[in-house]
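Shown next, in structure tokens, is the structure this report addresses.
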Amino acid sequence: MRVQVQSRLAYNFAEPTETIAVVLAAHASGQTIESEKLAYSNGVRLSESVDPVSGGRLLRGRLDGPFWIEYSAIVRLAPRLELPAALQVAPWSQLPVGVLPYLLPSRYCPVDQFLRFAQRQFGHIAPGGARVLAILDWLHENLDYCHGVSTGTTSASETFIDRAGVCRDFTHLGITLCRAAGVPARAVSAYALHLDPPDFHAVFEVFLDGGWWLVDPTRLAPIGGMVRIAHGRDAADIAFLTTAGPVRQTDMRVTVTEIAPPSLVKPSYNTDTVEEAA
Amino acid sequence: MRVQVQSRLAYNFAEPTETIAVVLAAHASGQTIESEKLAYSNGVRLSESVDPVSGGRLLRGRLDGPFWIEYSAIVRLAPRLELPAALQVAPWSQLPVGVLPYLLPSRYCPVDQFLRFAQRQFGHIAPGGARVLAILDWLHENLDYCHGVSTGTTSASETFIDRAGVCRDFTHLGITLCRAAGVPARAVSAYALHLDPPDFHAVFEVFLDGGWWLVDPTRLAPIGGMVRIAHGRDAADIAFLTTAGPVRQTDMRVTVTEIAPPSLVKPSYNTDTVEEAA
Amino acid sequence: MRVQVQSRLAYNFAEPTETIAVVLAAHASGQTIESEKLAYSNGVRLSESVDPVSGGRLLRGRLDGPFWIEYSAIVRLAPRLELPAALQVAPWSQLPVGVLPYLLPSRYCPVDQFLRFAQRQFGHIAPGGARVLAILDWLHENLDYCHGVSTGTTSASETFIDRAGVCRDFTHLGITLCRAAGVPARAVSAYALHLDPPDFHAVFEVFLDGGWWLVDPTRLAPIGGMVRIAHGRDAADIAFLTTAGPVRQTDMRVTVTEIAPPSLVKPSYNTDTVEEAA
Amino acid sequence: MRVQVQSRLAYNFAEPTETIAVVLAAHASGQTIESEKLAYSNGVRLSESVDPVSGGRLLRGRLDGPFWIEYSAIVRLAPRLELPAALQVAPWSQLPVGVLPYLLPSRYCPVDQFLRFAQRQFGHIAPGGARVLAILDWLHENLDYCHGVSTGTTSASETFIDRAGVCRDFTHLGITLCRAAGVPARAVSAYALHLDPPDFHAVFEVFLDGGWWLVDPTRLAPIGGMVRIAHGRDAADIAFLTTAGPVRQTDMRVTVTEIAPPSLVKPSYNTDTVEEAA
């Protein structure tokens, strides 16, 4: 599948503020960036570097006053499989060392508070894919998707009580329950095809049978149409904008559209050419 | 300085439980492990691997029933400087990418909740060493060191309200305030000379002028006598024991003693030699 | 002083919902309701009763669909003294039994978490008026008055960390610190002269030397111009609208104006009469 | 039924501390105190007064150094019915004004956070006795009774996540869910027959069809054997000891035993008399 991604963010900084923007599609297995274009406010200088842990392509700078940034890309996505129930969790001693942090509590995923609930609710289900699928079903049955009930400081504890939230909240509670149930899980930011209304999306991945598997706990967008931006322990690691101080957002637009593959587009030009030649 | 470190931990596992122990002195700049010895329950197999992010030497295994582990080492420590007030914080764009996570909120350090307080309390002090020293003074003046008021799920928010805690709590609040005030900070687990009563110690490091500087927010032990075990975002990353389920501790003993350098010890061997010669 | 109070609230109830409105001026010492007028949506029947504990005049009913309620009153206020520093706290055994609950933790005032801070910060100041004045100064110096940082579930713990809020938050933290420092304190809802922008106001009272003394922790309105509506342990007890389910507010207007006393108004009537007589 | 109640509490106060003890059986409908005896440390003077809201008999004083208090009573209990499913909740406008506070959030019962969960989980069950019984079943199925997981500051939010606690925690979550589901509920402290190990017990009452109905969410003791001490919004209101500062408990013993009714005891006195007469 090929998708075209477009995003535009605009902010107003009241004073010079250290800032990191992470909006570029990641160079990751399963997705190929065919072309991309980045533009931002005149006079600003952002430095780009890749975070080897998050996979994110960081744009860093000290921003002041009004600022806008626009990104567009055409990305070819390899097909993604739905999570098979039969996948297994490896013993901790056989997990890659880099996977271990995704078993631990993090800012918005207080795993340490959920051990008893996870054991009670999911402990009887075979550890692995089946258990993760049970967690996803539980989220679907027990959470309402709605705006306005959570904020940027809402953690999985609050969502667990409040039983409602947005993609960020579903993802935090999903990650928390997976980790508490023994499955490594990490947050992923993505551009998502068919997400309505379009927005930056937060989903998560679980580590089973030696690989990371992507799932969308909100069930709002197909996993096959997601363009990965970055991953991390939770929203703190994958925010599309991190600033050292307060800032006011003045615009945010995201568009993700499926586009025909080059091989299918080409013939129509050929036909045109033939007609012209006639 | 040369110190001898000894620790013994014992647990009782009610059922087979995935476990990670991080008790070995780290191979880190500023400390040289001259000799070390590790022993644990017969019949147990632990695999050792180094976490490149935390620097920790992980011992992993699936444990059941009673378990004990003993470690001793002789470590030569390079002198450590007290944090100079004149050190500077670099702009974000000039920080190594690997340092950036230590500016973010983590499980026990909810930086996002403390931005206004940090600005009010420390914003007028030059960012850098002076600001960190002010934070350390604030902790010293505003927190009581006492046992029994915090638990393994206590975060810096609760310590900030309760105004009391142990080394872990001082460290979490210290890290939280540093990050909220713009200074990268990370937790460090250590064996600490002169800590009374002896115990695993939790301290923290700040990143200033291109390097990490160790500080002890409890002021209970000299930083020059600390043998580093691991570092991370907070206590979740550097626990000396992480388990996938409940476990009961049955013993914990730590001893750290300064020992004479080899050159001073030698005469006694000479004496022996003399005696032998006699 | 005589003030005219006017308020209008409007809501939309998605389904029949049990509701309590507390918007009428209280019959309380220090204020005399000279005249008042209450009106609300046609077809609705509200029952009025006085809560002997809160002093509030409760309007209760089961509401559905759009609903509006309008209240206006002319209230004569006796002068109110500013809190004297010399007032004393009585020993618990000499407090009226009905005052004791105002020493206890309540929903938004978790007194039990603040005992150590209150002792550290205010314990050296003579218990009584001086200590309350010190708490009011502390609030003024340490909190920013601002909208949008708190919600209806924000407690004093969160405000203590966040260092910002609205009148409700100032009041909750003020009450919490007073109780933790040994001074009975309760929340008061009021119509407040000179509050800008006009709104329902939340202030608090402390019990010293046998009486309740009103204070405004926000310092936004003079205590002499406040028309009392109800009091209670915290905002839960004195909300102007409590409903058994979700509801959407569609309008809220409050006006409080000082009006001339009758004695000054009367002459003009006399003049008229005289003229008529002429 | 007749029960004999005995309790002994001992404390050590580091400095003179305002204190309220509530350990005497209440004068309440359904229980008659046939005899009672109160004793406490020599030289201490406690004043007794009844709180008309809580029904508690308060013993107040300023205590210092070691202190002990012993209470014993013989109480005749009227039979108590198990909660019938058919009981109804009255509309708010028909509830006695004094019942309304028991619908509101309180310190350990943050009702405002549980509205959505209560509606999702219990909203389809007829409001009234059936709904309360469903809540009691839910507590029984979802909470583990265990010591050491909660403290004196634990609220129903934490218990809801942690899924474990003691009688106080079961009661707080039960009250929270009842209120959030529209049923007035209040905490009750009691001496409980057959509670093992014996201790002060915390249970709760719901207001249905014009009366308060006692339930024990832990299912550890029969409601027919409970001697009421006091009631209130939550544990803050009904603590057996409230102090203005820290205190160390040095002893606590509770005994509750069923004793034969006077009519059955009498013959033995008769026998004695006969013997004497002989």
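Structure notes:
All chains are identified by letter, namely A, B, C and D, in their written order; residue positions are counted from 1 within each chain.
Note that in this section a contact is a pair of C-beta atoms (placed from the backbone, for glycine too) under 8 Å apart; a residue touches a chain by one contact, two chains touch by 3 or more.
By chain, UniProt protein names: A, B, C, D = Transglutaminase.
Note that this is a predicted model, so its numbers are computed, not measured.
Where touching is counted per the definition, subunit A and subunit D have no chain in common.
With respect to subunit C, maximal separation of chain centres occurs for B (centres as means of Cα atoms).
The geometric centre of subunit B is 46 Å away from that of subunit D, both derived from CA atoms. Centre to centre, using the average C-alpha position, subunit C and subunit D are separated by 33 Å. Annotation for subunit B: residues 113 touch two or more other chains. Every pair of chains that touch is listed here: A-B, A-D, B-C, C-D. Within the complex, the subunit D residues that touch subunit C are 18-20, 46-47, 49-53, 58, 60-62, 91-93, 97-98, 100-101, 103-107, 109-110, 112-113, 115, 119, 152-153, 182, 233, 236-237, 242, 244-246.
In the complex of the two chains, the subunit D residues touching subunit A come out as 113-114, 116-117, 120, 142, 144, 157-158, 160-164.
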